[in-house]
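Scrolling down, you'll hit the structures one after another.
Same chain, two partners: subunit A is paired with subunit B first, then with subunit C.
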Partner chain A sequence: MAIASSDTAIRTGRVTRFFLYLVLILFALFYLLPFGVMLVNSVKPLAEITGGNMLSLPDVWTLEPWFKAWSSAQIGVEATGLSPYFWNSIKMVVPAVAISTILGALNGYVLTKWRFKYDTLIFGMMLFACFIPFQIVLIPMARILGLTGLAGSTPGLVLVHVVFGLGFTTLYFKNYYQVFPTELIRAAQIDGAGFFRIFQRILLPSSGPIIVVSVIWQFTNIWNDFLFGASFADLDSQPMTVALNNLVQSSHGVKEYNVHFAGAVFAALPTLLVYIVAGRYFVRGLMAGSVKG
Partner chain B sequence: MGFLDIKNATKSYGELEVLHKVDIEVEEGEFLVLVGPSGCGKSTLLNMIAGLEEITSGEIAIKGTTMNGVHPSKRNIAMVFQSYALYPNMSVGQNITFGLEMHDVPKPEREKAMNNVAKLLQIEQLLDRKPGQLSGGQRQRVAMGRALVRDPDVFLFDEPLSNLDAKLRVDMRTEIKKLHQKLGATIVYVTHDQIEAMTLSTRIAVMNGGYVQQLGTPKEIYNTPNNLFVATFMGSPSMNLVPVKIVKLDKGIAAETSNAHGQTVSLPFSSPSDELKSYVGKTVILGIRPEAFTDPGGADRDASNIVEIDNEVIVTEPAGSDTFVMTTLGGKECNARMRADVQVKPGSQARFAINMDKAVVFDTDTEMRIP
Partner chain C sequence: MASHATNPDFRTRLQNWIPKLVLSPSLALILFFVYGFIFFTVYLSFTDSRILPSFGWVGFENYEKLFRLRHWDIAVSNLVVFSGLYIFFCTVIGLMLAIFLDQKIRGESVLRPIYLYPMALSFIVTGTAWKWFLDPGIGLEHTMHLWGWESFEFNWIKDRNFAIYTVVLAAVWQSSGFVMAMFLAGLRGIDNEMLKAAQMDGASNFSLYRRIIILQLRPAFLSAFVILSHLAIKSYDLVVALTGGGPGRATEVPATFMYSYTFTRNQMGIGASSAVTMLLTIVAIMVPYLYSELREKK
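So, the complex of A and B:
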């Protein structure tokens, strides 16, 4: 048996292994480079950036740009720093992710375990949300937000993101629940559990990996969204991405690159954290059901 | 009126009718097995009893109350699924008591019921484990525990043993039979395995193509199959079917066919009915079970009518307890079940004994048994 198994595995000698790691490390460095540049320049005084090499390590280390970007930089007309917009984003992202994930899970549950006539048609239409370009819906969406009185508010943005996220979350959960044994649902029905109890007691506890996938996907997309934020938000509900743009694009005064870099790191930090914390479940969840149900 | 009444139950999906007017009455304490090849409608019928599938027309009643449109949880039934369907996120104990919890049974009672069932099935030491940590046989027990704890009117089993390996399957079969004898429960059991059907049941419904082909005790089904389908489906190796011509003798009538060398073989019937006599001159199909087709020394001593013939041996298959000997009658290959130590060689001649008491005859066109 031992001979057979080593035959089927790829042979990796010392030399091949060395080159394998070399290539991998080079690629990793390549991908890390932009983030590295951002970090390095965000802890330099401005003079070092304008007068020298962007890639060199700072001579004088300073956290001043970070503080400035967070609390006192000029955003648009006010010198508030990014912090209020950071909280705007949080207030938008958390409910939007939660609602779209829960609704997606319910949709997946209904579309796989409580089939009805034309359910595939409805699912097909929901999938449009995954493919439709955002620009097309800007005007109708603005009209609806205006009619519902949600225009320019955080709840309005939450609604927009939930509507757009639903296609993806439904797709994820439908695929995941497709391979979930229907006999379990039937057993629970005979045991006397109803629609929501089956969902809550049988399905949800087994949905960990796909919930992680849905949360990461939704969090990243909604946090990074610029178009909807720029189109539908008022000054007091603008998300982080729009504020960052306003910080970087401000046309008067000196361009404070170090502050801009620090601001960009702030904007990237939450998604980075989500990946680091839950990333290993991400791949696992995407692969779930593909090999063995 | 039975304990479980299935009256004219029909199931169709759109235009397609998959179950045609099924009529079965099950008495209290009966063990009814629905058996048939895949796609015969047996699982559909079980799901209709469970309430997982709607009844298109007809009626299903338990204890005289119609169950049409009643939710599965309100029918007081319990079901054991083929895949066991244990909730993967719950411990064995929680799995067993989930149904009681859903029916708002207080916790102390639930625990008591769980402990009783665990003791009965000898799974007490498994109660804290998750289903993923159990072996196939253990999962099977837990699935039965989940059914038993509800103390239902009717137990429904959907091919519960088909995921087990051969040895365990035989053990669990005995366990289920013991359990039935001990509890006197009313059970409807679906399987495609005719041996399971024969060993477990008090009555069998053989199904094919959405029709109940025959409903009867295992003995009736085995000895007097209604038609060719039932005859071939039940029994392993299956019944030998030989085209024969009915001829008139001085006394009674006989089936006439030919052996491997083309010589005429005459097999007189023991006590032919008048209907069979009316077939004189016509061709019919003669059914002989392999155990009624043996070596002269192994023939049933209580039989009144043993016919001995010489024939060629094609293949021998020693099975340990018996030796199966293949020969041809009327151009058809036939299996004879001889004693284990019988001395026959392929290609040589041997003497066979046919127990004509056990022979059955089928009409060639209608495929129905001629009584």
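So, the complex of A and C:
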């Protein structure tokens, strides 16, 4: 991936360059504006939002909305704030990401280094599973979770996210291991190393970059999921996105916009943080899964 | 390890089985939760299921009802409008930003993350931000009025005829930066020698892009199209957060239709048939793509 280098044969004149920078900066504003304005308004008192100008900085800076969104805002029927739901999301995301990444790594290893008849067909079936509209599985999934007692629980959501994340993680690891020299593995086999030993000693030590990619991808997708959370979770397992939606859409009382915004920032914070820290890898991951196929 | 060498036959056979054993849990999960469930939903779409699944066979009745429903009509035409505009604008903006960024721009490393960060957000967050930004009483319109531009009017989100375009706006905001990244990666992969040769022959920048570079980006176009159309048909979260399907039914899409018929209106048969229709649309787009991808690998 040569995304970091910017070597091009194209040369541009002065006027063109001015125009280029103008367009690029205008678009930067377009991308920054809605979220940025929301961030600024989350530290304003409510009166300044309803009565004032959304593009102005606060006259009075306050972290009150942040505290309220976190610990005392009314979510559904209870005034718990978003914090319990934040932890629900964490409890769901961590195991789901770990399990789907481990399975994806093993699948990718098998599908590239231990090929057998019909492996391409199996991979195709896994890959197709990434792209189905989830509406097609909602009804039976609700039934099965109900029958197994997993409905409304965090393990139920973990299961759902593992199943529907497997295709992507398998794809990433398969693409990554595909270019890994197979001779090394054959040589290790001749030396008497078995399946897991080869994986652990030869492939795993050089899998760092793709593990990062898989973890970031899964983390972002699962954290941001709304459909499964809204369909299969109850109060004890509802993820952050569902709670945020309940907070924002609640119709009773005064609409506390600043609290809503602070809540939205909380919901966005983990993925944004991951993005800022490791965004470079994230982009590469998206590329690996899409452009290279 | 050496002890195994005394029995190479057993060892070899075991080694042949381990990979398949390792793959089997994933395969079982996918077979059951994806293909089994698809089969189950397809079956339900031919039954008289209402609140709960039931197994009275009704043939194509649900599909006939579905296609006669005005509600479904609105949902489908909204999806056509939405996905058409969404894919078009994401591609145009993404390509333009990628080409512009590729001109040795100072501050590229600052701009790129700014374009990309919306992709990290949940659609619920995006919806919350845009819903308020577009609200005429408190958002952009209100602000323009405060700045003295009294005649400024932007109330699409409250207008039945225009609300769907606000969904497009928010969705393009969220995904176009990602399309930019895909095209940028494609651009960076193009061989500069060829471009230099064409320049020697006196080709202008514009014709370089039109005749050589854009053609080389074909795989990126294809991937962008596939990913965007798959995001478009799944567009449930954004509609829920931004407009809730309203005003009225003005921004209803198949994903919200399916949810409300299945879980709130207790018309599971019709809900299932709408889900199957969505799946068939995706299959028509995805299967040729996946087939070509997997064949090239050989």
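The rule is simple: the second predicted complex is superposed on the first by the 256 of 293 C-alpha atoms of A that agree within 3 Å, B and C clash if a C-alpha of one lies under 4 Å from a C-alpha of the other, contacts with A are read in each partner's own complex, and residues count from 1 in each chain.
Here, a contact is a pair of C-beta atoms (placed from the backbone, for glycine too) under 8 Å apart; a residue touches a chain by one contact, two chains touch by 3 or more.
Given the structure is predicted, the values throughout are model-derived calculations rather than measurements.
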| item | value |
| --- | --- |
| Touching partner for A:162 - first (subunit B), second (subunit C), both, neither | second |
| Which of subunit B and subunit C A:206 touches, first, second, both or neither | first |
| Contacts of A:192 with subunit B and subunit C, given as first, second, both or neither | both |
| Which of subunit B and subunit C A:118 touches, first, second, both or neither | neither |
| When both partners are placed on the shared chain, which of subunit B and subunit C touches more of subunit A | C |
| Contact residues of subunit A, present in both the subunit B and the subunit C interface | 192-193 |
| Residue ranges of subunit A in contact with subunit C within the complex | 1-3, 5-12, 17, 20-21, 23-24, 27-28, 30-35, 37-38, 49-50, 52-55, 103, 106-107, 109-111, 114, 116, 120, 122-129, 131-141, 143, 162-164, 166-167, 170, 192-196, 220, 223-227, 230-231, 241, 244-245, 248-249, 257, 260-261, 264, 267-268, 271-272, 274-276, 279, 282-283, 286-287, 290-291, 293 |
| Complex interface listing, subunit C residues touching subunit A | 1-2, 4-5, 15, 18-20, 22-23, 25-27, 29-31, 33-38, 40-41, 44, 53, 93, 96-97, 100-105, 108, 111, 113-118, 120-126, 128-133, 138-140, 142-143, 146-147, 173, 177-178, 181-182, 184-189, 192, 195-196, 199, 205, 208, 219-220, 223-224, 226-227, 230, 233-234, 236-237, 240-241, 244, 254-255, 258-259, 262-263, 268, 271-272, 274-276, 278-279, 282, 286-287, 290-291, 293-294, 296-298 |
| Of all residues in subunit A, those that touch subunit B in their complex | 181, 183-184, 186-193, 197, 201-202, 205-206 |
| Interface residues, subunit B side, partner subunit A - complex | 50-52, 71-74, 77-79, 81-83, 85, 87-89, 98-99, 102-103, 146 |
